[in-house]
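Each of the two complexes below includes chain A, the first together with chain B, the second together with chain C.
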Partner chain A sequence: MAQTITINPVTRIEGHAKITLHLDDQGKVADAMFHITQFRGFEKFVEGRPLREMPSIMARICGICPVSHLVASAKACDELLAVEIPAVAAKLRRVMNLAQLVQSHALSFFHLSSPDLMLGMDADPKERNIFGLIAKHPEFARDGILLRKFGQQIIERLGGKRIHPAWVVPGGVNEPLAEQTRNEILSEIPGALAIARRTLEWFKSIAPKFEEEIESFANFPTMHLGLVGPRGELEHYDGAMRFCNEDGEKIVDLTEHRRYDEFIGEFVEPWTYLKFPFFKKRGYPDGVYRVGPLSRLIVADRCGTPLADHELTDFRLRLGRAPMSSFYSHWARLIECIYGCEKLVQLLEAPDILDEYVQSRASVNRLEGVGVSEAPRGTLLHHYRIDRNGQMRWLNLIIATGHNNLAMNRGIKQAAERFIRAEKIEEGALNRVEAVIRAFDPCLSCSTHAWGQMQLLMQLRGPQGELLHELRRD
Partner chain B sequence: MPPTIPTPHSFTLTIDGQDVTATVGQSILQVANEHHVEIPTLCYLDGLSVWGGCRLCMVQIVGQARLVAACATAATEDMQVVTQSPQLHDYRQTILQMLFAERNHICSICVANGHCELQSWGQKLGVDHIDLPYRYPDLDVDSSHPRFRLDHNRCILCTRCVRVCDEIEGAHTLDVMGRGIQNMIIHDLNEPWGDSTTCTSCGKCVHVCPTGALSEKGTSVAEMVKRRQFLPYLTVMREAK
Partner chain C sequence: MDSQILIIGVGNSLRGDDGAGPAVVKALSKTLVDPRVRLMTIHQPLPELAEVMQAAHAVILVDAHAAEYSRGAAWRPMEPAPSEVMNMHCLTPEAVVQLARMLFGFTGAAYACEIAGERFELEESLSPLAQQAIAEAIHQITTQVRAWLDKSEPTLDARSTVG
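Presenting the complex of A and B:
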């Protein structure tokens, strides 16, 4: 008897989605689909707007990672102005981007995913959340909240506010860094670094307990994409787009980002608002690749900071050069938090960081521009076309969650095959399917645009559509 | 010969119960400004002719049923002016709400964010909601000029730009076209700004504009600070001639 199970919406992720699982006559999972149920529409309503507004408009795509959109958008605008931005402006943008990385990773790991890890995948859903965590493990929860606050406060200090700061502009940034601000941030880094390090130690100690999840959380070979620096180091702001194969070997380093469409194609499926990017040379859907913290650690040769490199070595010794299970994204996130803290020190101690010339001025010099940066969730690409007067005519955005779309769909199928039993849906099984998605840390409001209420409905229906079993979580 | 009664050059009236002195020819708004009584305005700008279009400066005059625009009403002797009342507050809030609802005022991404008179009056007068349905008109942005930009989405049709171009610069490049809700600011005979043969590119219109409708190109969000010191300076220097 063929059946369909719907998980709607998926909880503890950024945005709104539903999952449909189709069961065949034997009650086995035949297919799994991850539907993004909202429409973003930004491509349409920015038409005609001046390019200088773009970073601020684009930042509104998301309240979690506005800085990522600010940075990618400002970089696309830099290309349209054809300017080289002051070196200190690039450093300051990096500071804000890393602050964003740390705060977002803290949110993803502590607030959204750690309830599964700390309280158990099968724990009561009423308690399996950040509040349950605060009640049972207050010290751990406090660490998470403090680490997120650390990143958010850097953003606020630089840009005047935590969400949607207007500080990153085409040509650079609009205010230099004050010495006092620099010192305040520097004084807080040791505390944040200590949190990241002790959390990573804890994660390493509990990871072996999740053997079953590791094996079935999108654990299949795919290609990976991420930015790398000139010496192959971990990179989040600039550098080459590196595609690696399933073994972590380099396929191509793309330094001219505007040639991205020679490598990335986008496929549209009728059942979701999120497109499916794929690696063109392998076609759709074989050209599946992943982005994000785990992919960044796979494509990079090294991190480039001492503690993070030490952890990366340990990571590779334990798991190999290219571990494929998305469960390890949590591990990668914590290594990146350590990297972020170390890199912030390097940047803020640079001798020119307080320079006051922070913005290059120019008018439109090019009609097409591409900006690429690494958002916490993976590679983010903004592609703009403007007219001669500097007004937007067309844009394309490829968001991290989009890059991961194919892999997420395969990942939930794999987990569903493992955990879903047709006779009766266990709440814990449902949660594991969601947890695969959570491991990718998708941002659906970025990848499309969203509003609505969070609840969860999973239904098991018979071939005639009759309701066999229902689980609801409000 | 009968004795002539000299016309008094100055006289007294009351504003909000306070006795104030005025000279002949002054408007209620000018008298209020001199005595540090704040009356909200948008279309009025010291140094330009009076337009009286925005109606934000409406005040009550004791003994008159009808409200009057303080900028366009001469102060007279023994006049009793009321500038603050619940009714006036309501009217002013409604006027601001109508301005916000009429076109697309998106403060958060506007070049004039933080330097906008419409925004600051909205804040001062407590406009925290717009009860009217937004119109969301589909309006163009004219970026054809090499230095300046006109964004009709942010325009409140105060005509300060039209007046400064005509009265101070003497070019009269700008004017208003259309009727009622279809009113639009135009350049010359409704041509793109960049094609205008009369515009001197002086930029006065940009700096008198109370909102982000007129801006300098190259400014990002919240970077368009308006500098209006030139206006009283030019006015005084021309009068002195």
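Presenting the complex of A and C:
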């Protein structure tokens, strides 16, 4: 008897979504679908807006990663103006981008995923949350709050506010860095770095206990995409878009970002608002690739900072050059937090970081521009076309969660095949299916928050739609 | 000197009366100038707020509420309580107080000052109902905080003076 299981909404992710699992006549998982149920329409309603408004408007796409959209949008606008922004402005944009990387990774790891890791996938869902975590491991919970605050506070100091700062503008940034602000940030980095390092050590100690999850959390070969610097180092602001194959070997380094559509196609399915990007040369759906912290560590030759490089070496010694299980995204996230802290020191100690000339000025010099940066959850691409008056005529956004869409759908199917039993739905099994999604840390445009209870409903229905079994999390 | 009284305006000024909390704090920033008072505004209570609260003797969260529940401005003590919400970038004020107590040793008193509003759509203006409640809140907070501050240090005890 064919059956359908629905998880709606998926909890502890950024945004709103549901999962549908279709069971075959033998009660085995036949298919799995991750539905994005929000529709935003940014690509359409900004048509006609002046290009200089774009970074601020685009930042409104998301309340968690507004800086990513700010940066990618400003870079696309830099292309439209055909300007080379001041070197210090690029450094300052990097500072804000890294601050967001750290705060977002802290949110994902400590607040959203660590209850599963610390308390267990099968723990009572009433306790398997941040308050359960606090009750049993207050030091750990405090670390999470402080690490997130560290990143948020940098964004606020630079941009005037934590959410939707408007400091990054076409041509650079609109204010230089004050010496006192620089010194305050530098003084806080050792504390943040210590949190990231001890959390990583803890994670390495518990990861082997999750053997089943490692084996079944999107653990299949795919390509990977991420930015790399000129020497192949880990990169989040600029550089080449590098595609690697399933073994972590380079396929292409794309330095001219405007050629992205020679390599990336986008497919639309009728059951979700999120598009399915794919690697064109392999077609749809075989051209599945992933982005995000794990992908960035796979495509990069090295990190480029001492402690992060040490951890990357250890990571590769233990797991190989290209570990595919998305469970390891948590590990990669923590390495990136270490990298972020180290890189912030490098940037803030640069001799020119306090320079006052922070913005290049120009009018429209090109009618098409592409901006690419790394958001915490993966590669982000903004592609704009304007008219001669500088008004938006067309745009395309490919966000990190979109790049991962194919892999996430296959990932939940793999986990469902492993953990879901038709005869009875165990809450822990349900949680593991959700945890696959959480490992990707998708951002489903979290600027629309919902007050109140985030429910989780999983239903088993017969072929006539009759309810056979239900599990509800209130 | 560490701030002893922390007043936090909660809300989004782009959502009509939801901006009442920040509007109160903005007004207080001109009239309630004292090194022992710290004013801040936030869009919504986040976990990081718990760390900010740790050194305060008293915390007042000023937030808008739908007028169907109450009119004007009303005080209530906030008891710590775990959040039922799993979404960690959207906590209840009581949950933030709970975090502050459990993780950062916050021992002060916490109060909510609730301001009645009726329009929460996309607009920057405040309804007459909210404007009246804001004026009440400013008066109440100013009176109460001055009473606390007039007590000699370090015995400022917020718990005993709010009725």
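Convention: the second predicted complex is superposed on the first by the 466 of 474 C-alpha atoms of A that agree within 3 Å, B and C clash if a C-alpha of one lies under 4 Å from a C-alpha of the other, contacts with A are read in each partner's own complex, and residues count from 1 in each chain.
Here, a contact is a pair of C-beta atoms (placed from the backbone, for glycine too) under 8 Å apart; a residue touches a chain by one contact, two chains touch by 3 or more.
Fair warning: this is a prediction, and the values are worked out from it, not measured in the lab.
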Look at A:Gly390 in the shared chain and tell me whether it touches chain B only, chain C only, both, or neither; answer first, second, both or neither.
-> first
Touching A:Ile145 in the superposition: chain B (first), chain C (second), both, neither?
-> second
Who does A:Gly48 touch here: chain B (first), chain C (second), both, or neither?
-> first
Quick one: classify A:Arg361 as touching chain B (first), chain C (second), both or neither.
-> first
Touched chain A residues, chain B compared with chain C = C
Of the partners chain B and chain C, which touch A:Pro170 in the superposed model: first, second, both, neither?
-> first
Return first, second, both or neither, reflecting whether A:Ser56 touches chain B, chain C, both chains, or no partner chain.
-> first
Which chain A residues qualify as touching chain B in the complex?
-> 48-50, 52-53, 55-57, 60, 164, 166, 169-170, 174, 361-363, 389-391
In the complex with chain A, residue positions of chain B that touch it | 108-109, 111, 113, 140-141, 143-144, 146, 149, 151, 194, 217-223
What residues of chain A sit close enough to touch chain C in their complex?
-> 11-12, 63-64, 107, 111-112, 129-131, 134-135, 138, 141-142, 144-146, 148-149, 152, 163, 446, 449-454
Sort out for me which residues of chain C touch chain A in the complex.
-> 43-44, 47-48, 50-51, 82-90, 95, 98-99, 102-104
